[in-house]
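What follows is subunit A paired twice: with subunit B in the first complex and subunit C in the second.
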Partner chain A sequence: MIKRNSSIWPYLLVAPALIVVLTVVFIPVINAILMSFQNYDLRRPGRIGFNDFKNYVDVIRDPLFWSALWKTIVWVVAGVGLQFVFGFILALLLNKKFPGRGVVRSLSLIPWVTPGVLIGLMWRWIFDGNYGVLNDLLLRLGLIQESLPFLAREASAFPAVILTIVWQGIPFFALMLLAGLQGIPEELYNAADVDGANGIQKFFLVTVPSLKSVIYVTTLLRIIWVANSVDVIFNLTEGGPAYATQTLSVYIFNKGNSLNLGYAATLSIMLTLVLATVAVRYLKTMFRNQEGKA
Partner chain B sequence: MKRIMMATLAMVFAFTAFAADKVTVTHWYWADNPKYSATMQQMAADFNATNGKGITVVAQEYPWDGGAYSETLFRAVMGGGGPDTSSFKLTSTPLFTANNLLVNLDSHLNSWKDKSLIEASLYDTMRQASGTKSVYVMPWNTQVLYVYYRPSLMKKAGIGVPKTYAEFLEAAKKLTMDSNGDGKTDVYGFGMRGAKGGQEPWGSFIWARGGNFEKMDSPQAIQGMQDYVDLFKNGYAPPTAPMDGFQEIIANFKSGKTAMTVHHIGSSAGMIETFGDDVDAFPFPGGVGKWTSMGDTENVMLKSAKNKDAAFEWLAYLATGKGQETWCTVTGNVPVSKTVKELPFFQSNRFMKVSIEGAPWAGILPILDTTTEWINNIWPNTVSAALLGKISAAEAMKKLQAGLWD
Partner chain C sequence: MKKRGPDLLKSFLSYLLLVALIVFLLFPFYWTFVTSIKTSAELYGRTVTYWPKAPSFESYRRLFSEYNFLRPMGNSLLVAALTTLISVTVSVLAAYSFSRYRFKGRKFLMSMFLTNNMFPTVLLLIPLYAIMRKIGILYTPSSLVLSYTTFTIPFSIWLLSGFLDDLPLSLEEAAMVDGANRAQAFLKIILPILMPGIVATGAYIFMNSWNEYTFAVMFTNEANRTIPVALKNLIGQLGVEWGMLTAGGIITIIPVCVMFFFAQKRLISGLTAGAVKG
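Entry: the complex of A and B
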């Protein structure tokens, strides 16, 4: 019988996963960090080389960066916030027993399983100012007198892309919260009934506290995903008109597409720092709450 | 046993020798519609059947995607993949030559019997684009932008075909109509392209006022921009114009929502299919200056091409062979081959005539290493900002000048 060396064996088991993670995550990350300190513009290959902190200084001075950062904040807060609210409502509805619940649960997942590119293209036609179904609907209902160019106006383009991402993300929250709702013991509600709690009190004093961990994890995941999302905005507006829908991730994509990879890498590092700050703060609060509960 | 082994070896050698004679050339292209897509596949099949040298072209289609095709090709080739030959736009030449990705075609051209079938000036343009004395890009076809219009709508508005820039602006105003009397505009005079690609028709406005691309912040160029903005602000272009791209301007014209729009002969077949005789074209009229965009499509051989002679055979077939005639006949593009240009089809086509009429003042944007980003990001966002009143025409032109030249 082979005698296993207990000090090496765990490392050997972890090694394959570690190698994969190092290869597909750490190497590209280190490469991106190095690139962010370089003048790495493939349109000018002769000038590629380290330029210290020039990219970072340029980014700080770039008005498009600040405008994109602000748009990212609005995009994430409004997008994730509304997804959460409507997702919660949908989860509560789907938690009730009614005929055809299984079918409704399955259908409600459609936006989530549809590819982002397709969602972008689909909503682009829905919002179309000349032939879009939304204009047709509003005209028939008499709510507007003339078709509105939703994606061609600054004031309406950004709300339109937010509406699209909200539509896409509701099922994710609904699904996760529904799973959480089904794990709440019935006894808690019975005890609340005995104490004379009404529906609203039961919701805020039993349901929400019981779902706290699920809410923390799902919102954190969505914040990161939505902040990094490019497909929906790019296929709807490409960041226009007049940069009105250009979030940081779309700005990074556009810069990368223009082959200015050094500048795109710098913007990516900045976005990572912003997201890391949010995530660390968020996780700290979550763990503090859990410790307090324990 | 020995006999079987010998026979097997003989078969392997025979197969290897046969396979060695077969050469495969992978070609990338884009197509504006399914018909053009099928045509390119037919051309590849025709070339494969007739070249007599055992060359097999595998034509692979990629989307044009508002110009992103060039970046897709660049990334593929930089990553060590990509095709042997590809359709190409001249504006991408600096990017590809700077990264040493294209084959210098000089030696192939010098020993090519059909070299003189293409105008020498076209080779000069190709050299100019590369910034060297060599040709890296093989001419294929050109498209001169002009104005499509509906004769019936002109008649209804009581105007004739504009001959001057001032008349053109006036026509855009008069063609904006409430045709059903419900108090709302349902026909817009000008189908404006505010999204990517719109820089081509927009350039005609700048030049018509006496401006140019070298100094876009000159008073003349700013005036041209102001005219462009005014067309939108005064309601002579659809409210969706800031985000309208190729598909939208063509759809708006075909649905009767716009009375004039700027595009090239590539759209003519679809226009005739929709309107029959009720569609015609005129060259974009000049004012102080005169300019229209020369769309161009070329082909290139990538450095990674495994068999360069075979790849050149295919490029030659496209430039002056049967491929030139087939492609230009189906798409309506202006041929680069002198013999194909002389064919009756090209001599009698009314849209071809307008293209040829506009050719003397047709030009291209300055080809710089900033041009691609300028076209894809800076131009659409800056012009939409001006159209939406966020910045003035002067501010927009200052930004455009800096974006292209700084």
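Entry: the complex of A and C
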């Protein structure tokens, strides 16, 4: 029975989770805001102190910030866009009945549970300029004349990194969209058949509209994850060559590693503000769904 | 119904596409495995081979003898197990409260937990590093367990609330009419039915903690580094030990895959429920 009295129990039950989360999320977020206004460089611990908006001014003037922001946009648009397209194709193919479908579906999800580090390293090996299998395949097919160091060239490094994140993200989209597809009532397709719709019309007039909210929620979630992802890029290229693959998250991570925490905090506040536009939409949708359930 | 020509062609093409996609998704794992059982002479030889001439488990042996891979494995296991235990315990309680009570501030608290998931890892990373350093738990497993709860608790509460909302209230009501109190009803009735959901949530937390790199690389040192950090460390100044690295990679994903296959049904239904219902 759902209780509506003002007992203390519901609060006591939430308390442990709340205390942990307040400690490890809210205090750090407030700290990040404070640090972003400080000269907080652990290499010069004697000089830690507030410096007003200096970090923010520096960020705005930092060409690497703007380049990283631009890289982030390309990374997210191309990465999530292609994940969506191929994930959708995979979901449609898996939605048909065929022997062994369950096994194929499980296997296709493995990239999704693979550690980001390992993804970065596996693909780094595939892209390798000397012993890499991609070079070997392209040479055998006659598409290239000599081995290319994909990750060491500015022109090819970013596409290679995007290919890797696409590979990682296809299963998640396929999983969510497949669940959506299985929820579309058969009658909708039958009705479309009666109206004489062909396959393409059915896809755009029945399938896509029915999946609208799954597509919306999954895409928003994926944008946030991909924008925040550090491990894949860092283990492929560490942001190089010559910052060609340095997204904002990777830039912040590199700055944090160099112990200039104040500046890294300022950069991460900027990233959070950029992502907030996406996050707010996501949260609004989820709250609406929650209320629908309650 | 008899299949017409174009239909046959269409289904042939769609199988072809499916096979191509699956090959694309699985080839990197095949390649990692093949690399791990090649001898280094073959690995760095002039021609690239697609199946080793003489399969050898030398890389695996070296990984454990020269590199002591058991140590990061133990560290990862400790961190992942502790994170799972803590996250599941506090999340079950909170999720039960959200699902079974209506109280002042419920919506506010729920939205707070959901919002938590939206903060970029790197935003939390920097101040957490400073905080862990100050309170003296930097470079201990506790620092990792604590930082992992930033994403595991909000997520688990959300997932478990979904599972709980699907359990009919009549189950507890019947028990409580029979004289059980709320705690007994929870322990005897709800918990056993919820168990598959808890196991799926736990598996998800375990996988995420096992796989995590960004916090791990900043919050650990030589003694307590976890598998992802250890793998990355195989890339040294003089080059990469690809044989050992791929062997380590294979060892890393086996437990994750096993867990995932057991938990996947519940996990997938829990993950997709929120998005699909909307």
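The rule is short, and it goes like this: the second predicted complex is superposed on the first by the 261 of 294 C-alpha atoms of A that agree within 3 Å, B and C clash if a C-alpha of one lies under 4 Å from a C-alpha of the other, contacts with A are read in each partner's own complex, and residues count from 1 in each chain.
As a convention for this text, a contact is a pair of C-beta atoms (placed from the backbone, for glycine too) under 8 Å apart; a residue touches a chain by one contact, two chains touch by 3 or more.
Nothing here was measured: the structure is a model prediction, and the numbers come from that model.
In the overlaid three-chain picture, which partner chain does A:N254 touch, first (subunit B) or second (subunit C), both, or neither?
A:N254: touches subunit B, not subunit C.
Subunit B or subunit C: which reaches more residues on subunit A?
On the superposition, C touches more of the residues of subunit A.
With the two structures laid over each other on chain A, which partner does A:L151 touch: subunit B (first), subunit C (second), both, or neither?
Touch status of A:L151: first partner only.
Of the two partner chains, subunit B (first) and subunit C (second), which one does A:D193 touch, if any: first, second, both, or neither?
After superposition on chain A, A:D193 lies in contact with neither partner.
Now for A:D136: first (subunit B), second (subunit C), both, or neither, which partner does it touch?
A:D136: touches subunit C, not subunit B.
Could you look at A:R43 and tell me whether it touches subunit B, subunit C, both or neither (first, second, both, neither)?
first
Give me the intersection of subunit A's contacts with subunit B and its contacts with subunit C, in residue numbers.
Common interface on subunit A, subunit B vs subunit C: 130-131, 257.
So in the complex, which bits of subunit C are touching subunit A?
Within the complex, subunit C contacts subunit A at residues 14-15, 17-18, 21-22, 24-26, 28-29, 31-32, 35, 43-44, 48, 86, 89-91, 93-94, 96-98, 100-104, 106-107, 109-116, 118-131, 146-147, 149-150, 153-154, 157, 165, 169, 172-173, 176, 182, 207, 210-214, 218, 227-229, 231-232, 235, 240, 242, 245-246, 249, 252-253, 256-257, 260-261, 264, 268-269, 271-272, 274-278.
Under the stated contact criterion, what part of subunit A meets subunit C in this complex?
Going through subunit A, the ones touching subunit C are 1-4, 6-7, 9-11, 13-14, 16-18, 20-21, 23-25, 27-29, 31-32, 35, 40, 86, 89-90, 93-94, 96, 98, 104, 106-111, 113-119, 121-126, 130-133, 136, 167, 170-171, 175-176, 179-180, 183, 213-214, 216-218, 221, 224, 227-228, 230-231, 234-235, 249, 252-253, 256-257, 261, 264-265, 268-269, 271-272, 275-276, 279, 282-283, 285-290, 292-293.
Quick one: in the complex, what on subunit B touches subunit A?
Where subunit B meets subunit A, its residues are 68, 71, 74, 78, 94-95, 98-99, 184, 194-196, 238-244, 248, 251-252, 255, 257, 369-370, 372-373, 376-377, 380-382, 384-385, 387-388, 390.
Which subunit A residues qualify as touching subunit B in the complex?
Going through subunit A, the ones touching subunit B are 42-46, 128-131, 145-149, 151-154, 237-243, 246, 254, 257-260.
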